[in-house]
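Next come two complexes built around subunit A: one with subunit B, the other with subunit C.
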Partner chain A sequence: MLPAVVFVGATVVYPLLYSVLQSFYDVGLREVIQGGAQWVGLDNYIDQFSRSRFWYSGFISIVYAASSVALTFAIGLGLALLLRRDFRGRNVMRALILVAWVLPTVVSANVWRWLLDGSYGLLNALLRALEFLEGDLFWLGQQVTAIAAVVFATAWSFAPFAMILLSAGLQGIPKGLYEAARIDGASPWQQFRFVTLPQLRPVSLAALLLIFIYTFKTFDTIFLMTAGGPGGATATLPVYAYNEAFEFSRFDTASVATTVLMIVPIALSVAYFRTLRKETAA
Partner chain B sequence: MTRKRTFRRTAVALTAVSATVSLAACGGLGSGTDGGGDDGDGVVTFWHYYGDPHGVPLEAMLARYTEETGVEVEPRFIPYDDFNRTLQQQAAAGDLPDVALINAFDTSQMAQAGVIEDLSAYADEWGEQDAYYETGWETGQVDGATYGIPHLADDYALYYNEEILAEAGVEVPTTWDEMEAAAAAIAESGAASYGLAMSGIEGAEGATGVLLRTLAAGGDLADFGGDPGVAALESLQRMTASGGMSEGFLTWNEDDAMASFTNGEAGMAINSASAVNVVRENAPDMTWNVAPLPADATEATYLSAENLTIGAGSGDADAAWDLIEWMQQPSVLEEYLPERNKLPARDDVPGAVTDPVRAVFADQLVNSWAPTGDLAEKSNEALTIVQQALQAVISGSAAPADAAAEAQAAIDEALGN
Partner chain C sequence: MSATATRTAAPQRPTGSRRDQVTRRRLATAGVVATFVYLIPVYWMVVTSLKTSDAIFRVPPDLIPLPPTVESYSRAVFSDPDIARGLANSAIIAVGTTVVTLVLALPAAYGLAKFRVRGVGVVMMLMLIVQMVPSVNLALPMFVLFSSAGLVNSYLGLIIANCALAVPLAVTILRPYFLGVPAEVVEAAKIDGCNELTSFLRITLPISVPGVVTVAVVSFLGAWGEFVFGLSLATSEGIQPITIVLAEITNEFGVRWNDLMAVSAVVALPVIAAFIFLQRYIVAGLTDGATKA
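Then we have the complex of A and B:
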């Protein structure tokens, strides 16, 4: 028991509390190195909460995470349903899909950057060949398309993870339920709507929560694809915190951002476990 | 029963939390470490961020020093993106190198934070500051003291493709008005897709082009909101509107911009001398040359430089200084700089620049601009703010005057004005 406590204390609890605590001090580069940081109470929070860029980062984090979760879940569910059927090459296909999940982000994000380049990117070459596009279109250079691009890239890499969770859930649904539904004359859509979806609910909730937590804190994909641009359009809270700390050496306000970043998933997890407990009790 | 157990668990957790909090409070936020490097083992540790191939001539130079003097030098390469963070972490842990080769613009910040030593006593005794280009030397000065000795220099100039310019029937532009016309003419003639390529990517890197345009109009980074800054934003806006520049430059870093020059998509590009070898390697058949940047009110270019510094608390400070002094001897620089593809930071090294292309960059060094004083410490942030203004203007979400005014307010706040 003691080694576990020491380990968790040293690697999780201490850094976490240190980071939260840092948000109540006046910490620049000098203070990090020489110490002597002053306690400033809530000043850093008041400062950050009065900045529109901070709120925008929070807002775009939620937009990014929510859209990524929705798209990841939809693609993951589609893939799981597809791979539930028995067909030749199913295992090969499953392995291929998993490549997206195991590919290092630095590779996939740069591939996306090249694919989406306005002048020499593959996507535009395709669109030009199909005569949908003339000239150049810089997907990562415009706010809305840049947000859509990072959401898509994120969903692409997380969908296999959703697929695995949901496949496991699908396997757990008793075959008898479908037989009973068929006997009652349920169409394939009705079987999906009234058997598959309700049966998948517990797994789905867990999957949604996990994917939300992963995407809400995603830094690498966005930073590599857009560096938070254009004009801060994709600067989610992790990117905002990175810039505050490592570009501008404001470790205190960066800690405000990371603290907020931590509270949202924790609140969601608590809500999730509450629901779970209620459902188990019921 | 459950409630009692929950209570007990909460109590344990709270005790653990408060213990850790008090630990954290005395661990680093409240008090501090006294810095300090190694304790004088006679080996000079040397940290730099020159990856392949740039690190090869540097480490060869350090090996020559060991050969000549018998003093052992231990170089360590840390990638640029991790360099400052590693230095800061090591400073907090009290384990700094004897010599750190840092980005010149970070000198002030590192000095203020106590990461590097005051070298004034050494430098005064040495007495060679007059040999250096003023702007470069100034980057090593913090509150009247010397913290960094310039290692080498680089600046920005205009790369142009001779064939594309001839095909479009334009001369090498010498003012920004001529640049706008030339860029548009190249795109219109079809000699290349775009006239001019530069980086405009999110962050400080993407502000170089608009800063150079602002400097040419007589402005400065600290007063970006003034007329020169507005004129610069308007100029780049006109160039993207005319097709003279690709609006994709907002997604290009300097390598991307150079790639569009070497593959013939752009007729001209703005970059530093370090790209000379890249163009030679990637486009061996292209006929191209380099010219000074367009000039209006001033002929300013942007300095890119590195400084030699000594880590705070170094036990081998004297040996470290001897190495720095040796590295800056004109005879040593004449051997090192051509291999390193860079320019000397001092003007008494005539043999260091024999290449005519590189000479164009060297001739501009005397006009180079670099942030100094308070602006040096906040230059990264100020440049990031300027890039945001550029982005807002090019994407059409703000008028140049409004974007410049907003940028000025943000720069003032960053500088504490």
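Then we have the complex of A and C:
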């Protein structure tokens, strides 16, 4: 037990604290190599907080995470409701859909870039065939469509995970409630609205929080699809922090960004464990 | 909670009324359509990888590669030393991560399950919370710390970084398995002359094999697909895992989409293969790790 605790302390807790500390020093590439960083107090924070790009990356992180969560949840719930019904082959289908979730991000990000290619992509071919589009459209080259594209790609990867969590929740709903609703003459929609949704609430809340945490910290999908572009439009906090450090060799301001970035997942995970406890207790 | 999700109850198929049969057929159709639509990206990856370099620029594109060709695989995958080296590096890192994770997590999870010492709750909470930490938050300080320790561009550095994510997950997955081993069985073994270690090796571990398999698979696949640590901690080409090689050749290949999809398919293959055979374990591992408090 002790070695693992020491290991986690040394490889997770210590780097995190080190990083927070680093945000109060002047750390460029020279200091990383030679040491001797100077204490600068809150200078790095003042510097970052006066930049509109920093605030934009915080803002776009929330927009990206919130839209990804909404879309992930909607697709996941749809899939869970469909595969809950009893029909031939549903287990195979469930397994196949889950492949989207375990696929390495480099692979799925590359495939999305190809599907969304402006000239030869499959999506545009489909849109042209349906006469929604003439000529080319470069999805990842414009701000709004680029954001939509990374949200969509994220939801595609996470929705199967939401499906698993929600399927578990659906199985926990007593069958008797549906029978009672049917006897009272409830339509399928009313059964969904007044039995399924309220019964699914605790599980949904836990799933929403968990997926929010996962998407809020997502780096690879965005970095690989847009590298934060075009023009910084998709530079969420993780991408912003990475670029500060490895593009501009500013490890201090990058630490400001990661320190701010850490607040949200930690605050939400406390909330998440509360709901989890309640759910287990209920 | 996921235990119930993964163990789908044997479907009772009542030979219901005609109406039921029609409904079920409609549902099956809807299921097939939904699954197919969902997997279009995977389908398109495979189809593109089997096309010629002319065929990928056809407008509108062919939905089936006729005739299919494996030239992308022979050109971009099998005759490219960078790809082979990237795959080998990833295999080394993933195996190393799996082994180190098991060595650290098995005794830890066992200790946390069996000994009622103070602080178990705190440690488990720690293991769960560190899983919520963004990888970038670790990769940046690790780069600085590893630079001074000479661990940048080394297998060891990458294995340590991957284990930072894998060990807490592994402990969270394994502990419930060890908790499930009845204390009476272990007591009986001790009466028969086992000590703490031999009773663990002969009784507890064999009973907990599914948990161990889960941890091994999840650690391996996590390290295989890992991107952020490879990107920041492996700057020299010789040590880069395949995920980074793939990201780099993306720029180099430009519009050679068929070659790019062939490499992507090869990177995805171990994951898909493992998933087909070990789905039960992977799903249980990845959901339990997050939902067992």
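We take it that the second predicted complex is superposed on the first by the 265 of 282 C-alpha atoms of A that agree within 3 Å, B and C clash if a C-alpha of one lies under 4 Å from a C-alpha of the other, contacts with A are read in each partner's own complex, and residues count from 1 in each chain.
Simple rule for what comes next: a contact is a pair of C-beta atoms (placed from the backbone, for glycine too) under 8 Å apart; a residue touches a chain by one contact, two chains touch by 3 or more.
Keep in mind the model is a prediction, meaning the values are calculated, not measured.
Subunit B and subunit C, once both complexes are superposed via subunit A, clash.
When the shared chain is aligned, subunit B comes close enough to touch A:P230, but subunit C does not. If you count the residues of subunit A touched by subunit B and by subunit C, you find the higher number for C. Of the two partner chains, subunit B is the only one touched by A:F248; subunit C is not. Residue contacts after overlaying the shared chain place A:R182 against neither subunit B nor subunit C. Legend: residue contacts after superposition of the two complexes on their common chain; A:L210 is shown touching subunit C, with no touch to subunit B.
In the superposed pair of complexes, A:Q22 makes contact with subunit B and with subunit C alike. Applying the stated contact rule after C-alpha superposition, one finds that A:L165 touches subunit C and leaves subunit B untouched.
In the superposed model, A:I97 makes contact with subunit C only, not with subunit B. With the contact threshold set out at the top, residues 13, 18, 22, 27, 32-33, 35, 117, 119, 246 of subunit A are in contact with subunit B in one structure and with subunit C in the other. Chain contact summary for the complex, subunit A toward subunit B: residues 9, 13-14, 17-18, 21-22, 25, 27-37, 117-119, 136, 138, 140-143, 226-232, 243, 246-249. Residues 1-5, 7-8, 11-13, 15-16, 18-19, 22, 27, 32-33, 35, 79, 82-83, 85-91, 93-100, 102-108, 110-115, 117, 119-120, 122, 125, 128-129, 156, 161, 164-165, 167-169, 171-172, 203, 206, 210, 213, 216-217, 219-220, 223-224, 238, 241-242, 245-246, 251, 254-255, 258, 261-262, 265-266, 268-269, 273, 276-277, 279-280 of subunit A touch subunit C in their complex.
Residue ranges on subunit C touching subunit A, taken from their complex, read 1-2, 4-6, 8, 11-13, 24-25, 27-28, 30-32, 34-35, 38-42, 44-45, 48, 56-57, 59-61, 104-105, 107-108, 110-112, 115, 123, 125-130, 132-145, 147-148, 160-161, 163-164, 167-168, 171, 221, 224-225, 227-228, 231-232, 243, 246-247, 250, 257, 260-261, 264-265, 267-268, 271-272, 275-276, 279, 282-283, 286-287, 290-291, 293.
Interface residues of subunit B facing subunit A in the complex, by the touch rule stated above, are 16-17, 20-21, 23-25, 27-33, 35, 84-85, 88, 91-92, 109, 112-115, 193, 201-204, 246-248, 250-251, 260, 265, 378, 380-381, 384, 388, 391-392, 395, 397, 414.
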